[in-house]
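Naming follows writing order (A, B, C and D), and every chain is counted from residue 1.
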Amino acid sequence: MKVIKHSFDGVIVGAGGAGLRAAIEAAPHMKLAVITKLYPTRSHTGAAQGGMSAALANVEEDNWNWHAFDTVKGSDYLADQPAVDILCKEAIDAVIELEHWGLPFSRLDNGKIAQRRFGGHTVKEGTSPAFRACYAADRTGHMILQTLYQKCVSMGVTFFDEFQVLDIKIEDGICQGVVAYELATGDIHIFETRAVTFATGGFGKIFKVSSNAHSLTGDGPGILYQKGIPLEDMEFYQFHPTGIYRLGILLSEAARGEGGILRNKDGERFMERYAPSIKDLAPRDMVSRAIATEISSGNGAGPDSDYVYLDLTHLGAETIKKKLPDITDFVRTYVKIEPIEEPIPVQPTAHYAMGGIPTDVNSRVLSDEKGTVLPGVYAAGEAACVSVHGANRLGTNSLLDIVVFGKRAGQSMVDYVTQTKPNQLSDNASNDLTKKITNLIEKEHTNEFSVAKIRKDLQDSMEENAKIFRTKETLEKQTEILEELRERYENVTIYDKGKVHNSELVEAIELDYLLDMSEATVSSALARNESRGAHSRQDYPHRDDTNFMKHSFAFKNDNSANLKYRDVELGKYEPMERKY
Amino acid sequence: MAYQKIVSTGSVYKGKTGMWLYVFHRVTGVGLFGYLLLHIISTALILLGPEIYEGAEAVYKNFYFRVAEIGLMAAVLGHAINGLRIITVDLWSKGSDYQKQLNFVSLFIFLVIFIPTTYKMTTSYFDLCLQKSSSGTTIVDCLIRPIPDWK
Amino acid sequence: MQTTRTDWGRRQPPIGGSSFELQAWFFMRVSGLVLVFLAVWHMFIMHVFNDTLNLDYEFVAARWETPYWRAFDWLLLALSLLHGTNGLRVVIHDNIADKTIKKLAHSALYGTSLIFFLIGTYAIVAFVRQV
Amino acid sequence: MDVSIKILRYDPESDRKGHWENYIVDAEPEERILDLLHKIKWFEDGSLSFRKSCAHGVCGSDAMVINGENMLACQVLVKEVGNSLKIEPIRGLPVVKDLIVDMEPFFDSYKKVMPYLINEKEPGDRERLQSPEDRDRFEDTTKCILCAACTTSCPVFWTAESYVGPAAIVNAHRFVFDSRDEGSKQRLEILKDVNGAFRCRTAFNCTSACPRGIQVTKAIEDIKRETLLNN
C-alpha cells in the first residue's frame, strides 16, 4: 500500500456547513487542508430545508433572549445555558455574515431577510409562535452549503475531496495528525498537523428509517471514541415527526410553520390534545411522541395503522409553490400523490444526534467529564456536543450551531497554531490503519459475515428497541444484540479486494463506528432512569431533576460504555415543567 | 498511482427532439456546404460557353437527380426553418419556455411549404419530360432513364 | 483528488477577452435571417417558379443582364460561404481534439472557402454573354 | 417482481475496456433504482461501485445513464422505468470505475466562472436589501446541486470536453442575475471564450436531464443575450 505524507498547520475533517465555516475562519492564517469523504457540496447540510433561526426581528418584535429561552426550554433544561446564550446572540451576526457572502435568502417586501415560524420558537417566552427562522424557500441548508463552499473557492482553500479520515494520532495527550484513505486509489495519506477539527456530521444510519444520508456513519466521534475520548449525551437522539412513510425522507417543520396540520386516521387534529397552545408547532420530541402514541392507540392510518397524515391541502397551491417547492416535489416523486390535494402519509424518522464529541464553547474537544481540554483537537456541527441542544434540539438551531461553532472551531485552531510550533509525525503513523485494511483484504469472503447483513441487523434492532419509546427491557435486549453483532463484526469480510473506489471496504470500517455509536447510545439510555426531551423511558415517564440534571459521558469499554456525568451549567432560566 | 481511465462507450443517448434537431441542423448544414461548393463549380462553368455549361447541366436531367433536388429543398427548408427556430429561442427571452411549441410550429411550417413544393417539383418533372420528349414516351421512361429525346 | 487554487482566483479578473465567438454567433443569426430570403428565394425561383429542367445558358445569361441579379447572386454566394465556413469551423472545433490536426483542418477549410469565393465572384463579375 | 439490470462495468485493475454485466434483482415497484443497486452491491456483488449519499435527490452524487437518459438513481422508481434496465456511467467524463467518473474536469469548469458573490463595497452591519422580484430573477439557478447530469447529457460536451458545459453556465447565471453582485462583467467575459456559452447549440438535453427541474437552456440563453447586450 502506497503511503504519502503531507504537512499542514491545520486540518479540517468534513466539508459540511461546520467544516467549511471553520475553514473560512482558519484558512487565511495557516496552511490548511480540508479533507472530506464526499465532494463538499454533497454533504448532508445540503439536505436541510426549513431555516436557520436568529432574532433579526424583521417580521415582528424579537430578541435573542427569547430565542435563548426557547432553546433552553426546548432542550428540556439540559442545555448549558452559557453556551445557548452564545448561540442565540451570535446567531444574528452569523445570518448577516452569510447574507454578505451571497446567501440568497428569501425576502420580505421591504427587501429584508424573510422569516417564518418553526416548532418551539415563541415570542415573549412562550406567548405565541415566533417568526424567527430565516430561510431560502425550503432549501436553506442547500444554500448555506453552497454559499460556504463558494466562499472557500473564492479564498482558494485546499481541499482533499473523496479522502476519508480513518485515524487520528495523539501522542502524550497532544494531537499529531490524522491518517486518511484516498477513495480513488486506495493510497494512504498521513497528514502531519497540530490542529484537527472534526466536523463529520451525524450518525443517523444506526436506525433503519432515517432522514440521514448513507454517509452519516459517525466517523469523527467513532475515531475519537476508539482513542478513549468520551461521547456526551448519547442517549438523546431526535426523531423528526414528519418523515415520508417508510422512506424517512424529511418533510421540514416549515410545512407546519406555514400552517400544515397533523391528522390521525379520523382526520382529527390530534396535536390539540397534546400541546393546546402551539399545537402542531410543539417541539419535535413532543410531536414525535404524540404520533407514536396515536399509532400505538390504534389511531394510525393505513392498512397497518402505522402512519398519520400531514395535511397541506388548505394552504393553497401558491404558498406551496413559493415556500415549500422541494418537499412537495419529494412527495410527488416518492409517494406519487399531489400534496396540494391530498394529505401526506408520515411517520417519525431518525433525524439528529444531540450528543457527540464533547466540546467547550470554543469548540475545543474535552477528554473527560471534568472538562480537560485535548490540545489541538476541535469539533463542531452535528458531530459535536457543546451542549446547546440539551435533550432535544429545536428546529433551525442546528444550521445555526454549525456556523456559530464552526467559526469558533476555526478561531481556536488559529489561536492554537499561532502559539505552537510545527510538529513531526513518524512515517509509521499509518501502521494501524494499514493493518486494519490488509486484514480486511486478506480475509476470505463469506456471505454470512458480510457488512450489509450485520448493518441491517443493527439498524433493524435499533429501530425496534431504542427508538422513540424505550424501557429497561428493550434496552437490555438491545445491549445483548449489540454484543452479538460486535462478535460478528470481529469476523466481518468483504468481497471487493480492489484498490480503486472500494466502497465495500470503507463501509466495513464505517460499520465499526456505527456499532460504537449504538453501544454508546444504548448504554447511556439504559443508565438514564428518567424521561427528558428526546429520551423517553416508559418505565420512568417523568423528568428527574434531582438525579439527572447532568450530561452523560460515555467512555468506550469493550461492548458497552462506562458512564460518567457532569452537571448541567444553569443560567437565568430555572427548570420548569415543559408545557406548550 | 494513476489508473487507466476509459471513455464510456454505451448505447445511444435517448435525447429528446432538441437533440435530434441539433443533429439534423448540423448534418444539413455540412451537407449544404458541400453542395454549395459543387454548385459554385458547375455555375462557374458558364464562363466556358454554352456547350460546356449545358453539357454539365444535362447530367442533372433525370429523375434520380430530381429526387436529390427534392432532398436539397428539404435540407434548405428544414435548415432554414429550424435556423429560424434557433434564432427565436436565442433572441426572444421567452423562447426557451416555448421550446416544445416552437418545435411543433417549425415542423408545421416546414410541411406546409415542403409538401406543395414537392408536389410541384414532381408533377412539373413529368409534365416537362412528356412535353419535351418525342411522342410515345411514357411516364415509366421518364422515371428510369435520363429524359429521353430531349428537344 | 486534491484541489488548490489554480487560475480561477478573484484577483486575476480575465478582462479584455476577445469577442470573436460572440460576433461569430451573432453573425450566424443575422446571415441566417438574410439567407432565408436569399437562399430560399433562390431555391424557389430555380425549382418551383421555374424548373431546373429548363435551366440553360440562356436562362442564366438573361438573368445576369441586370446588375440586380448579379448582386443578388453574389450576396448569396458570399453570405452562404461565410455562414457555412463559420458553421464548419465550429463543427471542426467540436469534433477534432488534437490541436495540430484541428489547425490543419481549419486552414484547409479557410483555404477552400477562399478559393471557391474567388471562383464564384469571378464568374459573376466576369461573365459576358457569348451568344 | 424481478427486475433485470444490465450494468456497464469497468475495473481499471483488470479490464482494458468496459463490459456489460447482467443481474436479476427482486424489487418492489416503489423502490428507487439506487435501492436496487444497493441490493446488488450488498447482497450479490460487493465490487460494484457507484457514488451515493443523501438518497433523495439533493446531494447530486448519483447521476448515471438509466435506459439511455441521465437521471439520479435515487430519484427514479422502478415503476417509472420498467423491469428491464440498462445502466451506464455518465458520458464525456473519464470513467474511473464502474459508474464512477472523474469529476475533476467538471468542478474545474465550475470554478472557472467565479461562482461566488463579488461585491467589494462595505455591506454594513445589517443585511443588504433585495426586493422579492430581484430575488426571483435568479431563483431557478440557485437550485443546482452540481450533479453533472446536464453537462454530461450535452452532445457538444461529449465531443468536446473543452466546453465549460451547462452546469458552469448555470452557476454563472446564479450570480450574474443577482442584484447584489458586481462581477458579472468578468463572468460574461469568461463565458465569451470559444469554450464558453456560445458553444451551446440549444440541444435542450441538459434541460430534460436536470433532476432539479432547472430551466438550464433558458439560463444559458439569458447569459448569451446578456453578453450580447453588454457588448
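The criterion applied here is as follows: a contact is a pair of C-beta atoms (placed from the backbone, for glycine too) under 8 Å apart; a residue touches a chain by one contact, two chains touch by 3 or more.
As the structure is a prediction and not an experimental result, all values here were calculated from the model.
Undergrad: Quick check: more C-beta contact pairs in A-D or B-C?
TA: By the number of C-beta pairs in contact, the winner is A-D.
Undergrad: Work out per-chain C-alpha centres and flag the one nearest the whole-protein C-alpha centre.
TA: Checking distances from each chain centre to the full centroid gives D.
Undergrad: Using Cα averages as centroids, what's the distance between chain A and chain D in whole Å?
TA: 27
Undergrad: Can you give the whole-Å distance between the Cα centres of chain B and chain C?
TA: 18
Undergrad: With chain centres taken as the means of their Cα atoms, state the distance from chain B to chain D in Å.
TA: 37
Undergrad: When the centre of a chain is set as the mean of its C-alpha atoms, what distance in Å lies between chain A and chain B?
TA: 63
Undergrad: Mind pulling the residue numbers of chain D that touch at least two other chains?
TA: 12-13, 96, 107, 111, 114, 116, 224
Undergrad: In chain B, what residues contact two or more other chains?
TA: 3, 26, 90-91
Undergrad: Of all residues in chain C, which are in touch with two or more distinct other chains?
TA: 1, 3, 8, 10
Undergrad: Which of the residues in chain C end up touching chain B in this complex?
TA: On the chain C side, the touching residues are 29, 32-33, 35-36, 39-40, 43-44, 47-48, 51-58, 60-61, 77, 80-81, 84-85, 87-88, 91, 112, 116, 119-120, 122-123, 126-127, 130-131.
Undergrad: For chain D, which residues are in contact with chain A within the complex?
TA: My answer: residues 11-13, 30, 32, 41-43, 45-47, 49, 52-61, 75, 77, 96-98, 100, 103, 107, 111, 114-117, 123, 125-132, 135, 138-139, 142-143, 145-146, 175, 178, 180-181, 213.
Undergrad: What residues of chain A sit close enough to touch chain D in their complex?
TA: That would be residues 38-39, 41-44, 46-47, 56, 93, 95-96, 99-102, 104-113, 136-137, 139, 142-143, 146, 150-151, 153-154, 184, 213-215, 247, 249, 326, 329-330, 333-334, 336, 445, 450-452, 494-496, 498-504 of chain A.
Undergrad: What residues of chain D sit close enough to touch chain C in their complex?
TA: 104, 107-108, 111-112, 114, 116, 118, 156, 159-161, 183, 185-186, 189-190, 192-194, 196, 198-199, 224, 227-228, 231
Undergrad: With touch defined as at the start, can you tell me which chain B residues reach chain D in the complex?
TA: 3-19, 21-23, 25-26, 86, 89-91, 93, 95-97, 99
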